[in-house]
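What follows is one structure encoded as structure tokens, with my remarks underneath.
Chain IDs A, B, C and D follow the sequence of writing; residue 1 opens each chain.
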Amino acid sequence: MKPRIAIFSLTGCEGCSLAILELEDQLLDLLGAVEIVNFREGMTEKDWNIDIGFVDGAVSTSEDEKEVRHFRDKCRILVAIGSCAALGGINTLKHYQGAAGEAEPPVAGNGDVAEYRRYVYGERAEWFPTTKARPISDVVKVDYALPGCPMVKEEFLSFVTSLLAGRTFTLPDFAVCVECKKRGNLCLYEKGIICLGPVTRAGCNAICPTFGSKCEGCRGIVSKEAVAAAGVNLREQYNVSLKDVLDDFRLFGAWQEADLP
Amino acid sequence: MSGRRSSTILHEPPPRASSAHESSLYIPQPARIIRITPLTEMEKLFELGFLDGSRLNQQPGQFVQVSMLGVGECPISICSSPTRPDTFELCIRRVGSVTNRLHELQEKDTIGIRGPLGHGFDTHEMHGKDILMIAGGLGMAPLRSLIQYILDERPRFGQFHLLYGAREPKELLFKDDLLRWRESKDVNLAITVDRPDPQWRGKVGVVTTLFKDLSKLNPDQTVVVIVGPPVMFKFVVIEVLARRIPQGNIYCSLERRMKCGVGKCGHCQANHVYVCIDGPVFKYGQLKGMREAVE
Amino acid sequence: MKNVTIDVKHVTRVEGHGNIRVRVSDGEITQLQLAIVESPRFFEAFLRGRRYYEAPHITCRICGICSVGHTTASVKAIEAACGIVPSEQTVLLRKLILYGEELQSHFLHLYFLAVPDFVGVGSVIPLAKTHPDVVRRALRMKKLANDICGVVGGRHIHPIALHVGGMSHVPPDEELIGLKRRLEDARADLRETAKLFSTLKVPDLCRKTEYVSLKETDNGEYAFYDGDIVSTLDPRPTKAADYRKRIMESIVEHSAAKHCRSPNSPTYAVGALARFNNNHSQLHPIARQTARDLGLEPICENPFHNNTAQLVESVHCVEASIEIIDELLTRGMKVEPLMTPTRHGTGVGLAEVPRGLLVHEYTVDKDHRIEGANLIIPTGQNLANIEEDMREMVPRLLTSGLGREEMTLKLEMLVRAYDPCISCATHFLDVAWDE
Amino acid sequence: MLDRMLAQRDLFTLVGELARKRRIIGPVRRENHFFYEEVADVGTLDLSFNYCVYGPRAFLFPPTETLFTFNRFDHTFTAKPVLDVRPMAFVGVHPCDIHAIRLLDRVFEQDHRDAHYLARRSHTLIVGVDCRTPCTEGVFCADMGTHSAIEGFDVMLYPLHRDGRDDTTFGVMFGSDAGRDWILYSRRGAIPTAADERAFEQYEREKAAAFPRHLRMHANDLPELLDRSYDSLLWEATARRCYSCGSCNLSCPTCYCFNIYDESDLSGTTGRRERTWDGCHLKNFAEVAGGHNFRPRAASRLRHRIYRKAKWVRQRTGLAGCVGCARCDRACTAKINSVEIYNQLAEEA
């Protein structure tokens, strides 16, 4: 029996769903190996018998919250794809705009939720409800998470293949530097750039450093120990602005602030 | 400057030329599952034979790398004796990727085997000696090969004591063998469990408690073999050393993470030794100073 | 069939998901709106306080399909604000990756969304069984488009190498040569595609519409990267900085995306057809020929011909990409350090992205942190126009004698013709018939 | 004793000819650093490079390689080894890396022969370039005795007369019959004159003076020093900074640890077993099923690496486990420095 697969989207750019369609070389095989029964909400009820549900996007409104609970009910295995679903993602940047907004942002910023709604929508701001942006694991139990902004499509494929082959799927538990070194890159620290590679979970094949750009930490921190070491090193070994590094980290790291030293 | 003229070691193809024809160390051979016997909730016994009819020719204490192609590979001790050569047996506990899949297999399925690998027990050195064997938990698996060997070659050995400890009665491995061995005069078997169940009639306590019933050992005449979890190992060694057994007569078997099984991948390194090729069987004397091995 | 309620769930996801509601009672349209109902994402708000160079890396996350487009508009806007003039090499590479995205998005739309409609299947999945060669061709072309983005920018979705002030990576010659070879091979695939589309019947719906796009007047290029704002009603060019003179944003209660109007019309359209209508003479000759072959002529006011315009643009982009690669290879590329700000202030960046004109505007403070941002997204500009088209189309449908399913399909096709975004277009029009 | 004199021009002509039969791998400048890369045009090689960011090991022991491919059938399977026998030539290898390759040779030959490494190695010609001065700061090759190589190459080039990038004259030493044949059959270059020999002696004298020592002890004493330092608090103190990112392992020319895993197609019937570089600094390197980790702390892993480099590898192979290239030190974003560790331990002891 082919596994029945569904792909859902919450608040995000849907790049992760799109990434599946960008597996051009494998798409036909994939369609042969699994049955896609729901490539978004909006199908009739009888198609809600789902083995594996993939969700991209963060929970950012109360509507999202309702939906993700519904997905959880209907899917045997629920997989968060992409940084939004797995870590809250870029959406969590809005937390830093609010002081004591309704959503109680993890770190106080210089405004509040109502204020940034006003900024975008003017007087009619109250038409646009929003809550704190959260990874879906904050609302429901998630069986697997494939972080990355966007999700690494090769990892998605290897996830599906592992499940089909009966291999245990685990995310790499080492830092981006491992893959960066395997690709033979010049380490960005040699150019004086503070790269988040040493504290970030690998699996992206170090694509950012390979293309000359520092790792932005989109796959989440690799371990608390690494972040603790970063704290020591930035203070003792490097003469950098901690605020800048924190800003780097917050691009994707809001939901992991608690792990900062 | 005269010493400068030595040539690059590998330029002239060495005797076993590493060309496209040299076979890879990493290729498993297909072996068929002849029989599967459930032993406990977690362990199953697999009897295997190579598809091409060849024999494994193992030493007791050696291991094989078992492949589920597409899933992975893991090291498993051979638990049958070379004196029963037509097939071989593996006792496998389900704990992860490969072992879970192995447990789903049926008789007649094929798996991949590389081996025998590693350094087993030196049975020649044991000839003529009294044997004291202490097994803890899954440690019984590699020892069964040696036990069978001793029983099959019984006249070559002196007294044979076998102490076996498990956490619970239901975790005892090879219950049929145990029954047979308990009846046999060839082996002096004692079993204990940490946590008895209502049906348990035997001894209760950690395996070291069995030492008090042991008759006096002759230190120079006795070979001691210890295989079990690291915690057990330490306490048992204390008991054994207290009985003045020379360190060169104490054998043990180590477990480490392993990937290649042939001394390359580095995973099983404990201090300077590679468990896969220098072991898994070591003499206690070899481990002294190897802090990682005994700590 | 006098009373109809049409509910299109999740039409656009530019800033969340959207619904279309159409209610007809006694033959009169009583409600018709395109509503973006979910998840406003507040990009404009949370850009504030971020460092100037982060803008493209943040805003590309607005939309996975148009992330190169957002990156492009964003780097242009920040550069305008910070007084940076990118090198020629940088601009060439940016144009190339933008062509890659136009191709990727157009192929996706044409093959994954439009073709299934025309051949009457629900999605591309059954098509893989019935027309495997078509799907394989589609995948081959889409992969090429993706690989252009990959070679230049690292990946298509959220590209990496594009930065304010330059590129952090230049592609090796071999990779460009490889792309060129494949682009040349793609000509045959495009011819096949044109043949396929020439056999499909394009529904007829013409409504007087203003088409807004960029137009390049300096170098005569068909505008994607450079250009000023023009429209079919007012062809006088307006500079980026004055975009507010041409695009008036307003907030509508039912939508989280702002609606737009122009000084000339209450609604207007952007996108491939708008570009074609304004710039057809600047198309590559082969693309112009393709347009003629497909019967597309300016000024075309049938929104269903957006598909045709996309195909024509695809032909153009393939040729333009080959030309850029040739130019890059002849000049020789080198790694250039990223340029840094020379001033601060406000800057506007415009780009023609697959779905139309995209506007990014930022104000950067003296520490080169972003002080304010305004983003106008193509689908947002099209929303009101789609509403108008539906207003035009629904009465015609009701009197057309078509069955319910055909009517539904036609409505779906109209929505999809605008290519609002893949997610929306794969959505089912949930048509409830009130009889 | 030199075997030949060869002008750089002639060398490049020779390498150009070699390129018809072999992949040429040598130092290429990228972003102001040098990297070993396969070159299509030998003119892009720069033999006056200071150091390559990584050693040439990736060409002999690739970061990821397929060991075999397999096909599963109903009740059996077939497996086909993948061996890469494309001929290669490394042109421009410094002595430290030659020592590193020798170590890899030994490791992959020892006990069980690893056909995958050896297939590549036995098809590789090595053209060394000697260093007259340390290639960069921080290297401690002279301490490790690896700043010169007397074997492990086919040809060694000594840059005796250097008058600009394109105008170097090399003293050539043959290291193998293959190397000798290659140079002699070409009929290029000249027989060294007495003056050349004198220049070479002068070169060697200058070289000996040019390499400072950084370690406070002789490398031969390192094992004993480490024996006394197992319980030093320095391990914890230093490892406090360690990210466990493995950069040190992965940039080291003598590291050879690897992991093995399977990849399969979506149907699971065909696939491949691959190996990929691993590193003993990575957290789960010594972890077994059930979660027990034999080296759970960064400090125990750091200690393991240092012991391995300075003691255990030599113990097993008889060759230097560390060639003093300082790549690990440069790669470490926590600025953990092996020379510093050795010297601090010496101070403690």
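Quick note on the criterion: a residue touches a chain if its C-beta (ideal position, glycine included) is under 8 Å from a C-beta of that chain, and two chains touch if they have at least 3 such contacts.
On a predicted model such as this, the values are computed, not experimentally measured, just so you know.
Colleague: Just to be sure I understand the contacts, which chains border both chain D and chain A?
Modeller: Where chain A and chain D share a partner, that partner set is B.
Colleague: What is the chain whose Cα centroid lies farthest from the Cα centroid of chain A?
Modeller: With centres defined by C-alpha atoms, farthest from chain A sits B.
Colleague: Could you let me know which interface, A-B or A-C, is made of more C-beta pairs in contact?
Modeller: When A-B is set beside A-C, the one with more contacts is A-C.
Colleague: By C-alpha centroids, what is the most central chain here?
Modeller: A
Colleague: Can you give the whole-Å distance between the Cα centres of chain A and chain C?
Modeller: 25
Colleague: In angstrom, rounded to a whole number, how far apart do the mean CA points of chain A and chain B lie?
Modeller: So the centre of chain A lies 45 Å away from the centre of chain B.
Colleague: If you average the CA atoms of chain B and of chain D, how many Å lie between those two points?
Modeller: That pair's centroid distance is 37 Å.
Colleague: Between chain C and chain D, what is the gap in Å from one C-alpha centre to the other?
Modeller: 51
Colleague: Going by the touch rule set out above, which residues of chain A reach two or more other chains?
Modeller: Each of 165-167 in chain A touches at least two other chains.
Colleague: Which residues of chain B are in contact with two or more other chains?
Modeller: Correct list: 70-72, 96.
Colleague: At which residue positions does chain C touch at least two other chains?
Modeller: Expected reply: 335.
Colleague: Using the contact definition from the top, classify how the chains connect: line, ring, star, complete or other.
Modeller: other
Colleague: So which chains end up touching which?
Modeller: Pairwise, the chains that meet the contact rule are A-B, A-C, A-D, B-D.
Colleague: Residues of chain A touching chain D in their complex?
Modeller: Residues 26, 29-30, 32-33, 158, 160-161, 164-167, 173-175, 177-178, 181-184, 186-187, 189-191, 195, 197-199, 223, 225-226, 229-230, 232-233, 236-237.
Colleague: If you look only at chain A, which of its residues touch chain C in the complex?
Modeller: Touching chain C: residues 9-19, 21-22, 24-25, 27-28, 31, 36, 39-43, 57, 60-61, 63-64, 89-91, 93-94, 96-97, 109-110, 116-117, 119-122, 124, 127-128, 130, 149-150, 207-208, 210-213, 216, 244, 247, 251 of chain A.
Colleague: Name, in rising order, each residue of chain C that touches chain A in their complex.
Modeller: 9-10, 13, 16-17, 38-42, 44-46, 48-51, 54, 57-58, 61-65, 67, 108, 112, 123, 125, 128, 132, 135-136, 139-140, 142-143, 146, 153-158, 160-161, 163, 167-169, 251, 253, 256, 335, 421-423, 426-428, 430
Colleague: How about chain D: which of its residues touch chain A in the complex?
Modeller: Where chain D meets chain A, its residues are 30-31, 33, 35, 53-54, 58, 63-64, 240-247, 250-251, 262-268, 271, 276-277, 279, 282-284, 298, 330-331, 333-335.
Colleague: Under the touch definition given earlier, write down the residues of chain A that touch chain B in their complex.
Modeller: 165-168
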